[in-house]
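By written order: A, B, C and D. Residues from 1 in each chain.
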Amino acid sequence: MLFPVGIVGFRGYSGVEAVRILSKHPDCEPVLLEHRADAGEDAKLLRKSGVRRAPSTAESVKAEGLKAVLLATPPEVSMDLAPKFLEAGAIVIDLSGAFRLQTGDRYKRWYKEEHTAPGLFSEAVYGLPEYTREQVRGARLISNPGCYPTAANLAIRPLVAAGIVDLQAGIICDAKSGVSGAGRKASLKTSFCEVTENFSAYSILNHRHVPEVLQVSGIEEAQFSFTAQLIPIDRGILETIYFRMAQPVSSAEILAIYEKQYAEEPFVRLYQSPHVPDLHAVCRTNFCDIGVVADPATGRCVVVSAIDNLVKGAAGQAIQNLNLALGLSETAGLR
Amino acid sequence: MLFPVGIVGFRGYSGVEAVRILSKHPDCEPVLLEHRADAGEDAKLLRKSGVRRAPSTAESVKAEGLKAVLLATPPEVSMDLAPKFLEAGAIVIDLSGAFRLQTGDRYKRWYKEEHTAPGLFSEAVYGLPEYTREQVRGARLISNPGCYPTAANLAIRPLVAAGIVDLQAGIICDAKSGVSGAGRKASLKTSFCEVTENFSAYSILNHRHVPEVLQVSGIEEAQFSFTAQLIPIDRGILETIYFRMAQPVSSAEILAIYEKQYAEEPFVRLYQSPHVPDLHAVCRTNFCDIGVVADPATGRCVVVSAIDNLVKGAAGQAIQNLNLALGLSETAGLR
Amino acid sequence: MLFPVGIVGFRGYSGVEAVRILSKHPDCEPVLLEHRADAGEDAKLLRKSGVRRAPSTAESVKAEGLKAVLLATPPEVSMDLAPKFLEAGAIVIDLSGAFRLQTGDRYKRWYKEEHTAPGLFSEAVYGLPEYTREQVRGARLISNPGCYPTAANLAIRPLVAAGIVDLQAGIICDAKSGVSGAGRKASLKTSFCEVTENFSAYSILNHRHVPEVLQVSGIEEAQFSFTAQLIPIDRGILETIYFRMAQPVSSAEILAIYEKQYAEEPFVRLYQSPHVPDLHAVCRTNFCDIGVVADPATGRCVVVSAIDNLVKGAAGQAIQNLNLALGLSETAGLR
Amino acid sequence: MLFPVGIVGFRGYSGVEAVRILSKHPDCEPVLLEHRADAGEDAKLLRKSGVRRAPSTAESVKAEGLKAVLLATPPEVSMDLAPKFLEAGAIVIDLSGAFRLQTGDRYKRWYKEEHTAPGLFSEAVYGLPEYTREQVRGARLISNPGCYPTAANLAIRPLVAAGIVDLQAGIICDAKSGVSGAGRKASLKTSFCEVTENFSAYSILNHRHVPEVLQVSGIEEAQFSFTAQLIPIDRGILETIYFRMAQPVSSAEILAIYEKQYAEEPFVRLYQSPHVPDLHAVCRTNFCDIGVVADPATGRCVVVSAIDNLVKGAAGQAIQNLNLALGLSETAGLR
């Protein structure tokens, strides 16, 4: 007997990935919740797949017996649907930025619009299992982290906590992402000829994912320089993180900090210095891979953190959170 | 009457680009100098092109009346050929790293091998025209800058000179390059399936181009963190440069520093903040494009510098140097 | 003294290419004609380029003294503008399909809409210089060929004319194009994530470029099977053409037919069999490259024809036609 | 209790894919058999994976209790290892071309070298389950089909058998493959800069996969024109197949032929005409997808067949054959 799990936004890149994972999940099965914007794409295959479909309504939650619903939708849609699905009794896992920032003011500053469901901030749990596992286990509303912050926080937080970062000099996070991070909608900026054989920076010092890093890693905006950049590939995020060491230590000592933090984590992997991960190592997996090159003689340190933006950065982490919330094995469907 | 200019290594990516530029140059024409490693690639066209060919020897310099020779060769070949061609009376422009580092010791540290022509260091001129134009005009041996250092120095040097960089916190240069920068030889690391849909860092804190930045911009190794990274594209370098400002100034003030420095430069272009260049803006041109985003409130600053690694980063800059050395218009063949 | 040449649609991929070629043309200079759909893209460079601009009106033709105007526009815009610019005294070179098909009925069948300027069919000259050079020289309205038909006709027509194709068995043209052929507008079908790591066929047996091949090569629709396919690259068309030989001849004999036809052509190149062109050989050139593999023992023959869809397939051929119409050297600006 | 299955050549692209599938297989587990050419790639992860390793010897077959061995090796290695592993009691599934062609003469003609184990031809079973399922069930030596022939035969054979192909006019198969089809070894032809933004044809009318199509579909070489072409992508094969119909039928009638043939097949999918598959539909799956556009009025027909060259074209089909040979569910590990 499989738990039926609803997915709104199942035609977007994160949604497709969530359906893919749930279709192979040992304990869950996907139910596609049709939203009005979903119309118009016909199946081309002669015989249809057997995936269940239902309207994207609170009634469907009850009629289909949905234990949980994943919202792979823009923030404004999530703010509209989350209260309805919660009231209908489903656990809601929201992949948008709607419930990540803790207050309506902060949301307004970074998302440039009013928050329409601020009453839900108090019960929204930020679902980064490596740090909030216990809260996720009992949560009804889980806010799935952004893709860039997931790679950044897993690399930065243990080092800040260990006190080895010179915060005066600041932390630089030079982030690069595949194009699927921009979502699946027609746009000149993400059209093939504009992206291929190109590389471009955007939202310099101004990206809406920045406050998630500040919240989780406990640093100030003035101490953190973040640039997002577009790689001409489909998926994957690689972040090159630079800082000066408050106390010069070796690569091995930094790896020891990570090992202590992540020894039991199923989805964090570490590299022997000077090896660092590339995107092929993590694509189509739920891993976050981390490598370090430190130069104690000069105090310079470089950390490379890599994830698949659609898996650990979106749908995979959402299923990881789903597993925790439903009391299943945390790695079910993700290995 | 065109000046005949020899090219050794004309089948490599920089060499091909040099031949392409010289073939359209109003005052020069290419002469392909066959080196022993060049054998084995037959022309496929039914009728051959009319480009002149000769052996890669000192005799050819005289027989063909070569005013200058471009060495698009590995350092060990350049160290072998440069003395011979100089003695035969040609101006030599070397695109390898053989003569960039000023001393044999420094060469040995970064290139991991002995220098075999140290006697030439004293007359080698580092050919970054924006800063060494006058020396290039009278030079016999011109050392063409590395691709990464060209983009880095044009962005960094004016700001360091103006005193607005907090060198205590250091300068970060996160550099990304197309695959042609690795040269044209079979290698698993640059094979299509390893590179496509991937992104990877290499030579972290340890790249042989680092000392060129230190030499030109006048900073210490401890103050400079450099990472090279491979973009799955053919050509182009984009560098994202981070520093804290010693004295907080606005983007406009930083652009004013660049404008003052580069007002008369034909191959440096500046962007209105917060616009920054992408690679499409510079590919197949000899431009170095620079954009800035500064946040005076927090002291953070990000500069983006972009070039085509095969043009301003190699063959284009070599022709720019050639033009200067031959007394031609500096922009001939490069517009 | 340069001829000013207007370009409408200068932000599209063909238009950009036309501006690029005209900017380096020894006898012409571009004038950008602003059409209402062109609004909204601001220049990012601190200093503007010096290219002239004017409204896209008949008045501009007179005020700017335009000898000719290139229409890099959709057919419906071309049908609107061509009569006005002709009346204002300019030679018009239309890059759309508006005037290629000789009758309004044929246009309606393939373009699925009414032709709104059928009176111009009688004076429109199909500008494939290898076959219509003399007509182009005296033309006022030149219809620039489609990209696919240019590569197809240059390969097919001489062989059909020589009688060596078994038309009973038919001619197969399996065509592949880079994405820029679809034009520069946001569309899910040409968005990066849909195209990268993909390959897809479209308009099978039904592409609107088919009738141009029938018209020029003199074959029947029933004898010609054409499939268009999307390669995940920016630019280039490669067509693999198959037929059975009516009289079995060797590759060399087929090449001799091509050589006889194209001996004096500046933009057609032939390959030694079994070599055939790839896209790197033609991209960013105005060449059409052709190679042949024939097997006389079995009567099978394969021809490969390659062009750059934006150059010989669009803007380059348009400038070639412009040169002819203005009485300039046919290759001016194209070498 | 899992069946241990050996893999030789586990670092090649097909080998990696086989290990990936077997690692998730419900009834099997991979054992990496180290061959001498495998040396030199160190693991970079701090903690090693738990996959078993053993030398590539007959002794390992016994010591590890291997039920079967997959040879993801070049033909000359397969000819050397297959007899040894068979004698040691393992079922051998060979992914090379060593045992596909039935006679040493045929092998010599197409592979240009002597066959060194011709005694095994008599018991080698060609493992295309859709046509040889029963023989595979009892086989000791299974010859896994080539990637191109798998896509070609599944599309062509039912139509030839149904008599609707005009064999006089012949069948054209225009095949395109991702670069991983060329294997994982450094080569200039498959280096990134040579492949990106390119498209090229090779082995025209002369590809070594041709005889597999003749053998399975029962057509003559003179009736079959095959061109292989390289797409700048990692994986996937799309074949566009053209023929004239002996008796003009509709797309629906052709689909009915396919449906009848493949109604019970788990890994063949059909498309509603005029839809045809693209590579995204099949990549990372074991499906062969087929679509049809027929024009009964003129007798022309186009079929598009798509697979992932590393899955249905190599490792996936090998596991499908393995499942059959071991008496497991045919789809185990492949859904």
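As a convention for this text, contacts are C-beta pairs under 8 Å (C-beta built on N, C-alpha and C of every residue); 3 or more make two chains touch, one makes a residue touch a chain.
Just so we're clear, the structure is a prediction, and the values are computed from it rather than from any experiment.
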Partner chains that chain A and chain D have in common: B, C
Chain at maximum distance from chain D, centres defined as averaged CA atoms: B
Pair with more cross-chain C-beta pairs in contact, given B-C and C-D: C-D
CA centroid of chain C to CA centroid of chain D, Å: 39
Centroid distance [mean C-alpha coordinates] between chain C and chain A, Å: 46
Chain B and chain C, separation of their C-alpha mean positions in angstrom: 37
Residues of chain A whose C-beta touches two or more other chains: 178, 194, 196-197, 232-234
Chain-level touch network, classified as line, ring, star, complete or other: complete
Sites on chain D touched by chain B in the complex: 13, 178-180, 184-188, 190-197, 232-234
List of chain B residues in touch with chain A within their complex: 168-170, 172, 174, 176, 178, 194, 196-201, 204-206, 221-222, 225, 227, 229, 231-236, 238, 240, 242, 244, 274, 276, 278-280, 283, 293, 295, 297-300, 302, 304
Residue ranges of chain D touching chain A (in the complex, touch as defined): 24, 44-47, 196-197, 255, 259, 269-272, 275, 277, 284, 291, 335
